[in-house]
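First chain A sits with chain B, and in the next complex the same chain sits with chain C.
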Partner chain A sequence: MEALLNILKELHPEVDFETCDTLIDDKILDSFDIISIITSVNTEYDVAIPAEEIIPENFNSAEALYDLIERLQDED
Partner chain B sequence: MLFTSYTFIAFLAAMFVLYYLVPKKFQWMLLLAGSYLFYAWAGIHFLAYILVTTVTTWYAAKRMTVLQTEQSAYLKAHKAELSREEKKALKAAGKKKTRHWMLFCLLLNLGILAVLKYTDFFISNINGIFDTDIAFMRFALPMGISFYTFQSMGYLLDVYRGKYAAQDSLGRFALFVSFFPQVIQGPISRYDDMAKTLYDEHPYDHHNISFGIQRICWGFFKKMVVADRILVAVNELIKNPADYTGAYVLAAMFFYAIELYADFTGGIDITIGIAQVFGVHLVENFERPFFSKNTAEYWRRWHITMGTWFRDYIFYPISVCQPMLKLSKASREKLGQALGKRVPVYLSTSIVWFVTGLWHGASWNFIVWGMLNCLVLIVSQEFEPFYAWFHKKFPKVGRTFWYRLFQVARTFCLMSAIRILDCYRDVPLTFHQVGTIFTEGNWNVLVNGSLLELGLSAADWGVILAGVLAMLIVSLIGRSGSVREKLSKQPMALRYGVYAALFLGVLIFGAYGIGFDASQFIYNQF
Partner chain C sequence: MQQTNVLEYLERTAPRVPDKLAYANENMGLTFSEVYRDARAIGSFLSRRGHYREPVVVFMQKHPKMVVSFYGVIYSGCYYVPIDEEMPKHRIELIFQNLNPKAIICDDVTKEMVKEFHYQGEIYLYEEMTAEPADDEKLAEIRRNALDVDPIYIVFTSGSTGVPKGVVACHRSVIDYIDNLADVLEFDENSIFGNQTPLYFDACLKELYSTMKFGGTTYLIPKNLFMFPVKLVEFLNEYKINTVCWVVSALTMISAFKAFDKVKPQYLHTIAFGSEVFPIKQFNIWREALPDAKFVNLYGPTEGTGMCCYYKVDREFALDETIPIGQPFHNTEILLLDENNKPAKPGGPGEICIRGTSVTLGYYHNPEKTRESFVQNPLNDAYPEIIYRTGDLAKYNERGELCFLSRKDYQIKHMGHRIELGEIEVVVNMKDGIKSACCIFDDDKKKIVLYYVGEVSPADMVRYLKEKLPRYMIPNSMEVLETMPLTPNGKINRVLLKQNYMNKKEK
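And now, the complex of A and B:
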C-alpha cells in the first residue's frame, strides 16, 4: 500500500489519497493519470491491469485500487 | 428524411400517436419498424449495411456469451478437482475462443466502414504519391455508418469483456443499433445505459413528453435560427478563400464555431428530446463545452460519447497492452522515471487522436486537425508544472472571475482556430489562410460594415446575435441544474411566454426561403 500511495502522491501531491474515495467521480484523476498509475503499478507490483478493469469503482480510492492489485496478483 | 423536413415532422407525429395507442408490449417493435422505415427513406439498399452490422454483431456477441456461460458453469462444477494452473489454462482457452468471435466481427464491421469511407482517400494518396490515375470508387456512404458501427462495436467489446450478457433478441438488438432519433448523428450510446429504458413499456407521461417537446423546439431553434442562418456567411467566407483573407479568416473561425455548436448541439437536443417523448433516456453528448478552461476539459465536454468511446475502447486498451507496458518499462530505464513514464501515454494519445481525426473524415484536414488537438493536449500537460507554480505563487489570481474568463476565452479561441481545418479545401490552403490573419492587416473589415456583405442582412445578424445570447443565457442557467425544471417552476404567464417565443422564434426566424436551405446536419456526414 505504501508503494501505491507514493505512486499516487507523485502525481497529485495535493490530494489526501488515504481518505479520498472520489478520485474519478470528482475528476481528480484523468485518463493520463490513470495510464501513468497503471504503468507504475506494472513496474512496482508486476501486475498488468487490463483495460476492462479501468472502471470508476476500481480507481475511486487508493484502497479500491490496492484491492484490485491484490485480486489480480491472486488470479496470476 | 432530414430532421428539419416536413416529412420528418409528419413521420414523428404518426409515430407518436401510434406509440401511445398500440399495446405497450409492442412499443419497442413500433420503434424498430419506424427506425427501419426512417433508415430506408435514405435508400432501401442502405438497409443491407446496417443489417449486416446488426446480424453479425448480435450473433458474435451471443456466441461469446454462450461460451462465457458454459465456461463459468464448468469451472463452478469442477471447482474442487481443478488445480490453479488448470483453471488458468481453461480460462485462457475460453478467452481465446471468445476473442476469435470478437475479432472476426470487429474486423468485418470496421472493414466495411474502412472500405466505404476511406477507399477513395487511399486512392487519392496513391495517385498523389506514385503519379498514377486510379479511378475513384465513389461508394455511397450509408447514413450514420460511423455512429452505428461504433455503437455496435462498443457493445461487442463490452460483451467480450464480460461487462454484460448479450441481448437474446435480434429485434431488440436491431432497435439498439438503428433507433431512429440517434442513428444518424449519435450520441454513441452504451447498450447497458440505453437498454434501461429502450425496451420498457411506457405509459403516456405528460411531464416527459412536455419536456421532450421543449427540448426538440430548442434544438430546432439552434439549428434553424442560428446554425442555418450563419451558415450563409461561413459558406461565403470559405468558398471564396482568395477574396476573404486576413481578418475575414478570423471571422470565419468564430462564425464556424457558432455554426457547428448550434448545429451539432441542436441536432443532439432534437435527438434526446425525441427519445424522451418516447420515454427513452439517452446520455448527454455536451456539457456547455465553450465554458471549458482548457483543452482536456473541452474534450470531456464536447461530443462526450465519442470521447469516452475512444478512451474506453482504444486509448485504454492500447495504453495497457503488453507491448506498451514493455515500452513503458524500457523507456523508464533508458530515459528516467519522469520522461519515461510519459512515453506510453503520449504515444497512445497520438494514436487515438490520429484515429479520431480519421473517424471525422477521410481527408488530411481531419488527420491534421486530430494531431493538432493531440499536440495542444500534450503541450498543456507539459505546462502543468508551470501552471502549478503560477497558482502557488499567485493564489488569488487563479480564483478571480477575470482569470477564469481568460482561460475560457483562450480555450475557445484555440479550439476555433484548430477547427477551421474542417472548412477549407485542403491543409496547405488552411495554413495559408490562417497565416494571412497575421500578415494582411485588414482589421478594418471587422468594423466597416464588410461583414454585412456576406449574404446576410443586418436583420439576419440581429437574429444571430439574439440567438447566440439566448444560447449563452440558457447555458449559464443550466450550470446549476435543468433549465426546463427551473422554467416549469415559474409563473404560468412567464412559462408559456417562453414556450411561445421559442415556437414562434423557430417559425418566424427559422432560416427558410430564398438564400437559405434547411441543410443537412454537419455531423450526419460523419
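And now, the complex of A and C:
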C-alpha cells in the first residue's frame, strides 16, 4: 500500500490519499494521472490493469485501487 | 453569390433538415430548427441591448447550448469568446483585462462563479435570451453590414510572459478552413461526430461548423470518459459515431490499455488526429483494429485558423518513423524559412510560416505580440502581405511531404494543449518565498517537471498553482533544489537540468 501511496503522492502532493474517496467524482485525477498511475502500478507491482478494470469505481480511492491490485495479483 | 458569413451554413441546412439532431450530449439534443431559432433569438436579444461589434464572453459548462450561444453572438454582429468553466479565476481575470467585455452569457452554475470576478458588465442567461422573439429585420440589417473579414471568435492561448494571448479569427478564414477540411476528410450529412476537444479552443471548429454545413450531428462526449477507455468506445457505439477529430493522447488512451480486446468501435470510419506526435506502436494498434478506416494527421496553430496541413496515411510506418504533417490545405501555402529569412535548402530545416486566407487577424489588444509573429512576408517586398510565423521547425522528406521537427522556443504540447513553459515559470516566480524556477518537459513520458528554489513545499506549490493556472498546465512532478544551475552567462541552465533529469530517469 505504501508504494501505491508514493505513486499517488508524486502526482498530487496536495491530496490526502489515505482518506479521499472521491478522486474521480471530484475531478482530482485526470486522464494524464490515470495513465501515469497504470504505468507506475505495472512497474511497481508487476500487474497490468486490464481495460475493463479501468472504471471510476476502481480509481475513486487509494484503497479501491489497492484492492484491485491485490485481486489482479491473486488471479495471476 | 459567394459565401461571406458562416451563418449561411446554418441558413441552408436548417430548412433542409429542420428536425434532425444537430448538437447533443448524453442527456439532451437540439435539432437544426431549434439551433436556428435559439441562435437568432440570442442575436436579437444582444442587439436590442446595444451590443454590436464587440467581444461577448460565453462562459458555460460544455453543453449543446454553448454552441448555440456562439452562433447567437455571431448573429448579433459581435464575436464570441469561449471561456473554460474550470479555468482558475486568476486566469479568467487576465483575459477579462485584455477584453474588457460588456456582456457574458452564462448558465445557472457559471452565473454564480462570475459574481466572484472583478466584472461590472451584463450577465445574461441562455434561457432568458432565448425566451425573447427574434427580430428578423434587425438581423437582416446586421447581416447587410457584415463583412467576411469581420471577427467571429477570439480564443486564448498560452503566452510566455504569463498573459494569455487572444487569437482573433474571421468568417472568411473559417469558411475557407471548413470547406477545405471537409473536402479532405469527406464529411457529409451522414457524418456523426464525437467531439473530444474543449469548446474554448479552435479545435472544435471541425465538428461544430462541419455539422452546420452538412447537416450532420455532433455529440459532445463527457470529458470523464476519456479516462475510461472501454466506456468511451461503448459511447461511440451507442451513438453510432463514425467520425472523430481527437488529440493523440485521447486515442492512445484507448489503444495503450488494450480496450480493443474488449470492444471495438463499430461505426468509426474517419479518424483525424493532431496536436502531438502519434507513437507508431499505438497507431498500428488503431489501424489493426480498424483496417478500413481513414486516418488523417492534421497540423496547425490556432493563429492559422484550426488546421493548415494534412496527411492521409497511405503506407506503413516503422516504429522509429514519425507520421508526416504532409501538405497544406488548398488555398494555403507553407513557406519554410531559414534563419536568414530565405527559403530553406531542399530537405533542410526551416520555420513553418503560413500564407493565405487561413492566417487569423492577430492577437486582440496586443500589437507588440502581433507584430512579432504576424509579419510581412520576407519574400515579398512589393506590397503588404502578412504571414504567420509558427515557431515550428520542419523539413521536407524525400517524398516531398512536410515533417515536423521541433519548436524554436519553450512551447510544448501536453495532452493536446499548447503550453508555454515560460508562463508556468512566471506564475511560480510570483509566489512569496520563491527564488528561482524552471520547467522542463519530458518528451518521452510527456511530463512537465518543475524545479524551484525556495521555502515552499511541493504540496503548497500545487495548491497555489491550481488557483492560477489551468489544470493541464500544472507540473506533473516537481523537485525543490538548493540552488539553480546557471550557465556562464548567468541564465538558468535548462540543458543541464534536463540532462540531470534524463540521467536520473535512466537509473
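Assume the second predicted complex is superposed on the first by the 76 of 76 C-alpha atoms of A that agree within 3 Å, B and C clash if a C-alpha of one lies under 4 Å from a C-alpha of the other, contacts with A are read in each partner's own complex, and residues count from 1 in each chain.
Going forward, a contact is a pair of C-beta atoms (placed from the backbone, for glycine too) under 8 Å apart; a residue touches a chain by one contact, two chains touch by 3 or more.
Keep in mind it's a predicted model, so treat the numbers as computed, not measured.
Of the two partner chains, neither chain B nor chain C is touched by A:T19.
Of the two partner chains, chain C is the only one that A:L29 touches; chain B does not reach it.
When the two complexes are overlaid on their common chain A, residue A:E52 makes contact with chain B and with chain C alike. By the touch criterion stated above, A:T43 is placed in contact with chain B alone, chain C being left untouched. Overlap of the chain B and chain C contact sets on chain A: residues 27, 30-32, 34-36, 38, 49-52, 54. For chain C in complex with chain A, the touching residues are 86, 224, 226-231, 249-250, 253, 256-259, 261-262, 415, 446-447, 457-463, 466, 471-472, 476-478.
Of all residues in chain A, only 27, 30-32, 34-36, 38-40, 42-43, 48-52, 54, 75 touch chain B in the complex they form.
Those residues of chain B that touch chain A in the complex are listed here as 88, 161-163, 296, 300, 311-312, 315-317, 319-320, 322, 324-325, 328-329, 332, 341, 344-345, 348-349, 381. Considering their complex, residues 10-14, 24, 27, 29-32, 34-36, 38, 49-52, 54-56, 59 of chain A touch chain C.
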